[in-house]
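In what follows, subunit A forms one complex with subunit B and a second complex with subunit C.
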Partner chain A sequence: MAATEQEILAGLGKIINEITGIPASEVTPEKSFVDDLDIDSLSMVEIAVAAQDEFGVEIPDDQLKNLKTVKDVLTFIQG
Partner chain B sequence: MSANRVRVVVTGLGATTPVGGDVTSTWTALLAGQSGVATLNADWIDTVPVKFAGTAKVDPAEVLPRPEARRLDRSEQFALVAAREAWQDAGAPDVAPERLGVVVSSGIGGITTTLSAYDTYRERGWNRLSPFTVPMLMPNGPAAWIGLDLKAQAGVHATVSACASGAEAIGHAVDMIRAGRADVVVAGGTEAAIHGLNIAAFAAARTMSQRNDDPARASRPWDRDRDGFVLGEGAGIVVLESEEYAKARGARIYAYAAGVGYSADAHHITQPEPEGRGIIMAMTQALTDAGITGRDVRHVNAHATSTPAGDVGEAQAIAKAIGTHPLVTSTKSMTGHLLGGAGGIESVFTIKALQERIVPATINIENLDDGVDVDLVHGENRALPQGDIAAVNNSFGFGGHNVAVVFKGA
Partner chain C sequence: MRIPDIAPGAKVLALGHYQPAHVVTNDDLAKTMETNDEWIQSRVGIKERRVAQEESVEDMATIAGGKALAAGGLSPEDIDLVIVATCTLETQIPNASAVVAHRLGIKSPGAFDVNAACAGFCYALATASAAVRGGAARNVLVIGSEKLSQWVDWTDRSTAVIFADGAGAAVVGPSETPGIGPVVWGSSGDKFDAIEIKDRADFLHQEGQTVFRWATTALHPVALEACARAGVEPSELSAFVPHQANLRIVEAIARKLGADKAVVARDIVHAGNTSAASIPLALSRMLERGEVRSGGLALVLGFGAGLTYAGQVIEIP
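And now, the complex of A and B:
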């Protein structure tokens, strides 16, 4: 059974907290990685690697650069 | 020595070692004769003939914030922890970034990162590697992270010379201040090499103790039954400044970093030169550089790693280069050998000995080897005299690198 959006958001919040120290509670769908969460491009690569392990979804580099917000990632993972 | 040369002072100390997570706890443990060496519990332990090491007393990953720790090799974690301690200890000087330098090195670099990243690459593919893999494994990583942390812009350097790396870093920092390139330099050594491959490789070179049934007594410099060095890990960092800069800001001065001597054996890639010519040359040049004679030197923190070949040769070289009178000790009997970190922590210990006028005893000497005619401190700690005295820290490395650093009491 596929994970719900809530479950993916929780998992993503945990990953982002682990990598950046940002509290998981601040990782909400409308947030922009660069503008709101101050996450740089190498951190995004780390997050993508961890998300691939966690959710079993490959995120190619040319897709990664289009994922601007938390919501974008949620949508991508849900396929 | 020219009379008007810039003098260099030590104003801050930092260390994380197998016997303590900072300078105070480490120094207290050394004065109490405590060993930091113990049996290892690692998944590769059955594959190597040496089952023990000096693991850091405090895990640096527990001290640093998690997001920071995960981007750092363990050698970088140690270096950053010790550098921050030293920086705070020096009163966090408000120095212009372009007048602040860093010289910090390890002997081996981010070896555990290299090995684990290789496993990840082979088992899971290139795109599972952390984007920080390169800065974690590069040997200039510890210096670079400290430089970033302190915003140092006067030059950030890594002086790789195996087990002489830490002392050589301090020497280059002294040179950098004397040359007028910086007012303040953070310098020292770090190492995190407790891994099956390193132990296997050093064991293959027949350099490690295999006293598996009694690890805490395995590191026994100058003891007749010594059978090799014991691997340790951690970092030692000092803050150096020009005397003028330090005095102008009212800094507390621990000691003078008065002289440095370098040499190379040009003899063998791993074996010490039997007559000790290279290490005598390094010590002699350090004394000349400091403008002192052997009579001024009252203490030597020796390189002595507990190997059959090295210890007695060094003692004899000390007798020739300095004299038989200094109080000689090897703190490696307690910390194990930190490789590139050794010169860092042992410079810290040499400075503490000058500050507190006490020399921690070498532990584990049951039967003193023949041929040691220096005043070896063992059994109990010994006091150093008051007054204007100097002390020497020796560090030698595979490749035939020899470094001696002279510190003078403040």
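And now, the complex of A and C:
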């Protein structure tokens, strides 16, 4: 069964915490990676790679630049 | 037909390096482009870099090569092959290696350049090792020398903050026991445009995210394979000297390599990314500072435009 949005959000929060040190509780759907979470473009690549390992969905670089918010990533992973 | 006596092994006999005197700090760059010290350090780990003023690729290579010869107690007559790894010559003809050999007083050696971009030194080292073991050369002078500053757009903060100038050199000679392990090399030509200079009027461009993703996911298997092919456990390494591309890439590969006792080269912090020069430059400087011991094993791993990569285990001279 596919993961629910809540499960993906929790997994994403854990990944972002491990890569950037940002508390997982701050990773909420409306947050912008750049403006709210201050995550740079290289950390976004690390997050995309870790998310692929975790959820089995590849996020290519040309798609990655369009994913501005946590919600955008949740939607992408859910397909 | 007959072939010459073949050396049982080859090893690095000595190292040398050269850096231009002119230091460019992050604060210097912040005066001319939209960047700052914190931005640069957090993304690439560089505090300062060296930029050549009058020095050419050949000038820097000659000085580094001369130092390697002196460090090994060798004279120009001992060298019969010169290989320069570079991708930043000002012109394509003549090659750098013949010019450098002439300036060092090395009489009529084999002389050719290698362009495998930032992986070039490891390609040249593998070629030198094979030449010695196969009887094609007695002692080889291998040099990585780069003047990236002349191919960088100094208004482009995605490249100008990263690239720098310098040279490093190694003398490779015969050995009773292996001192240079089997090379693991390869390329990913499907990503040919991830790092490129399109034409003579262009500057170097880099797809930062593409290169970062590749470097942090595709290269640690190469590093592990280079160890395996040399019969060396990562835990036996006393140094890991990857190409100094970006401190975050260096540290990501080092984490995945798991060489717990190895000193990891972080020369990029003060030298910037000097492409084919970065590995011999870093190792030579680490040896000079006493951070690594002679006789220890180091894994060197080059990677860059092409995309190309190569790595091998070497005994530190």
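Following the convention adopted for this analysis, the second predicted complex is superposed on the first by the 79 of 79 C-alpha atoms of A that agree within 3 Å, B and C clash if a C-alpha of one lies under 4 Å from a C-alpha of the other, contacts with A are read in each partner's own complex, and residues count from 1 in each chain.
One rule holds in what follows: a contact is a pair of C-beta atoms (placed from the backbone, for glycine too) under 8 Å apart; a residue touches a chain by one contact, two chains touch by 3 or more.
Only a predicted model underlies this, so the values are computations on that prediction, with no experimental measurement involved.
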Looking at the overlay, does A:E5 come into contact with subunit B only (first), subunit C only (second), both, or neither? neither
> Looking at the overlay, does A:D40 come into contact with subunit B only (first), subunit C only (second), both, or neither?
Replying inline: second
Query = For A:V49, is the partner it touches subunit B (first), subunit C (second), both, or none of the two (neither)?
reply = both
Figure out whether A:D72 sits in contact with subunit B (first) or subunit C (second), or with both, or with neither. neither
* Partner chain(s) touched by A:I19 [first = subunit B, second = subunit C, both, neither] -> first
Shared subunit A footprint, subunit B vs subunit C, residue numbers 42, 45-46, 49
Listed in rising order, subunit B residues that touch subunit A in their complex are 65-67, 70, 127-132
Per the touch rule above, subunit A residues touching subunit B in the complex are 18-21, 42, 45-46, 49, 52-53
Given the complex, residues on subunit A that touch subunit C span 40-42, 44-46, 48-49, 61, 64-65
Subunit A partner, complex, touching residues on subunit C are 42-43, 207-210, 212-213, 216-217, 246, 248, 252
